[in-house]
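After this come two complexes, each holding chain A, first together with chain B and then together with chain C.
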Partner chain A sequence: MNEQDTRSLLEIADDELILGWRDSEWTGIAPLLEEDVAFSSIAQNEIGHARALYELVAREQGTTADELAFDRAPDEYRCSTLVERRFLDWEKTIARHYLYEEADAKRLEELKQSGDAEVAGLAAKIDREEAYHRIHAQMWFDRLKDEPRFTAALDELRPLLDAGREEHSAELAELWEEMTMVRRSQPAGTRW
Partner chain B sequence: MVTAEQVWAALAEIPDPEIPVISVVDLGVIRDVGVENGTVRVDFTPTFLGCPALEVMRDTMAERIRALGAEPVINVRTDDSWSTDRITPEGREKLRESGFAPPSPRAASGPTLVQLQSTASRCPYCGSTDTRLENIFGPTPCRSLRYCVNCRQPFEQFKTI
Partner chain C sequence: MIYEVFRQERKGQPFQHAGSLEAANHDFAETYAKEFYGRRGESEALWIVPREAIMEAEDFVDELNRNYHRVDGYSLKEKLKEARERAGHALVARDR
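Let's turn to the complex of A and B:
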């Protein structure tokens, strides 16, 4: 695996981990029971993808998936600021979901062409699962596309897709605190 | 000396932790078994990458192989080689009997909303095809929720992957 591959896998893994956490924040409080189930399931998938991607990178770098996911400082993550934002409004959540799935589909398509069979194979497997996320995002897009609050959210969030991955919002640092709190409170190597 | 047949037979006794009516062999997730010098290698593919049953399956397989007197090596293959098309006919029947609609065949182009909303899915309780999609997502990543208009019974369907 070349350095470029490792870098893009880590970017995707970080995106999926952080988005998984954000999506899971709807568990129990989504505006519709069906969406409570949907976002919880999507969150679980995204974190599963993150784990598989981290495992590939970890083997390359002689570390572990957990260390990559949780033991880096917040400013070392390579996620997009799009996934870092904490939303308690539905229109922004759906706008992010739609924008993210669209961009994710493009990069997975590229990754499926990787010369590294393991990378290409994992990308293909992830893509099979993401197909259901895309259908869900499209369904909501079709329902909300004429709602001014939704189109405003799309306009506000779209530029975040092209923003750099070096700068992070304060929201990532806050999420990182919560995400790693239990792990940091235990002696290194504690088995659960 | 343990044989591959004995290993397959032992694996066929391991239930899916989340849908225990079906075994890991019925599920088609065991891709290969290799036996060499007292070591048993099992290649297996998770259904969904975020499936929490993955560790349980892996540990149980290792345990059963040790019980046969061999050293297990479990390789998790995270590639696209598994599909719900690999669920055996027996596995599909077991799913249906316990109230899960088996997955539709995998299409080359992947799933579409139109296809998911189509009435082709048969209710595992009454056999009617007058069913509708309630939610693409369900209690586990591998299941969707549907509703049978004929017998007014909600049911779960294994997602096509």
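Let's turn to the complex of A and C:
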């Protein structure tokens, strides 16, 4: 695996982990019960993708998926600021979901062309599940596309797609505090 | 809108009622139905039907009390067995 592949895999893994976390915050409080189940399932898929990607990178770097996911400092994460934001309104959540899936489809398509068979294979496997997420995102887009509150959310969030991965919001640090709390509360190497 | 979902577990098997769900339109209903009843390989196919499209018939009045039209309680198996036995005897008798 080349340097570029490792970097992209880590970027995607961080995006999926953080977005999976944010999406999971809707479990139990989504506007409709049916949507609650569907969106929670999407959140869980994203975290599953993160796990598979971290495992590939971890093997390359001689570490473990858990260490990559939870033992780095917040400023070492390579996720986009788009996924870090904490939203309590559904239209922004769906706008992010739509923008993210659109961008994610493009980079997965590139990754599927990777010369590394394992990378290409994992990208293809992830993409098969993302296809379902895209149908879900498109369905909500079609439903809300004429709602000003939704188009305003799209306009607000779209620039975050190109905002870079070096600077992170304070919201990521807060999320990281909670996400890693259990691991940090125990001595390193504790077995669960 | 409420939708009723029927699932077929294996090819060739009849569709059976799986449950119902609430969705804003057909697209949402399809997505949710796949999510709840199909995404983990538990179904071969789904029928997703708006509840209002289902015609229900449940009052089967027998005003003239013509219960001799009914076949319930009439065991064909027993009658067939008897008929076969009779036929068997007849066969034996003729051969003799």
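Some points to look at:
Everything below uses one rule, namely that the second predicted complex is superposed on the first by the 192 of 192 C-alpha atoms of A that agree within 3 Å, B and C clash if a C-alpha of one lies under 4 Å from a C-alpha of the other, contacts with A are read in each partner's own complex, and residues count from 1 in each chain.
Rule of thumb we're sticking to: a residue touches a chain if its C-beta (ideal position, glycine included) is under 8 Å from a C-beta of that chain, and two chains touch if they have at least 3 such contacts.
As the structure is a computational prediction, the values presented were derived from the model and not from experiment.
In this superposed model built on chain A, chain B and chain C take up the same space, so to speak, and clash. In the superposition on chain A, A:Ile135 contacts both chain B and chain C.
Judged by the touch definition given at the top, the superposed model places A:Arg143 against chain C, while chain B stays out of reach.
The larger set of touched chain A residues comes from B, when the choice is between chain B and chain C.
Once the two complexes are laid over each other on the shared chain, residue contacts for A:Ile29 go to neither chain B nor chain C. Using the contact criterion defined above for the overlaid structures, shared-chain residue A:Val182 touches neither chain B nor chain C, since it reaches no partner. By the touch criterion defined above, A:Ala38 reaches both chain B and chain C.
Of the two partner chains placed by superposition, A:Ala152 touches none, neither chain B nor chain C.
Residue overlap on chain A between its contacts with chain B in one complex and with chain C in the other: 34, 37-38, 41, 132, 135-136, 139.
For chain A in complex with chain C, the residues that touch the partner chain are 32-35, 37-38, 41, 132, 135-136, 139, 142-143. By the touch criterion given at the top, residues 48-52, 77-81, 83, 110-113, 116, 134-141, 145, 159, 161 of chain B touch chain A in their complex. The touching residues of chain C, when paired with chain A in their complex, are 21-25, 27-28, 31-32, 34-36, 39.
Against chain B, in their complex, chain A makes its touches with residues 34, 37-38, 40-42, 44-49, 51-52, 55, 117-118, 121-122, 124-126, 128-129, 131-132, 135-136, 138-139.
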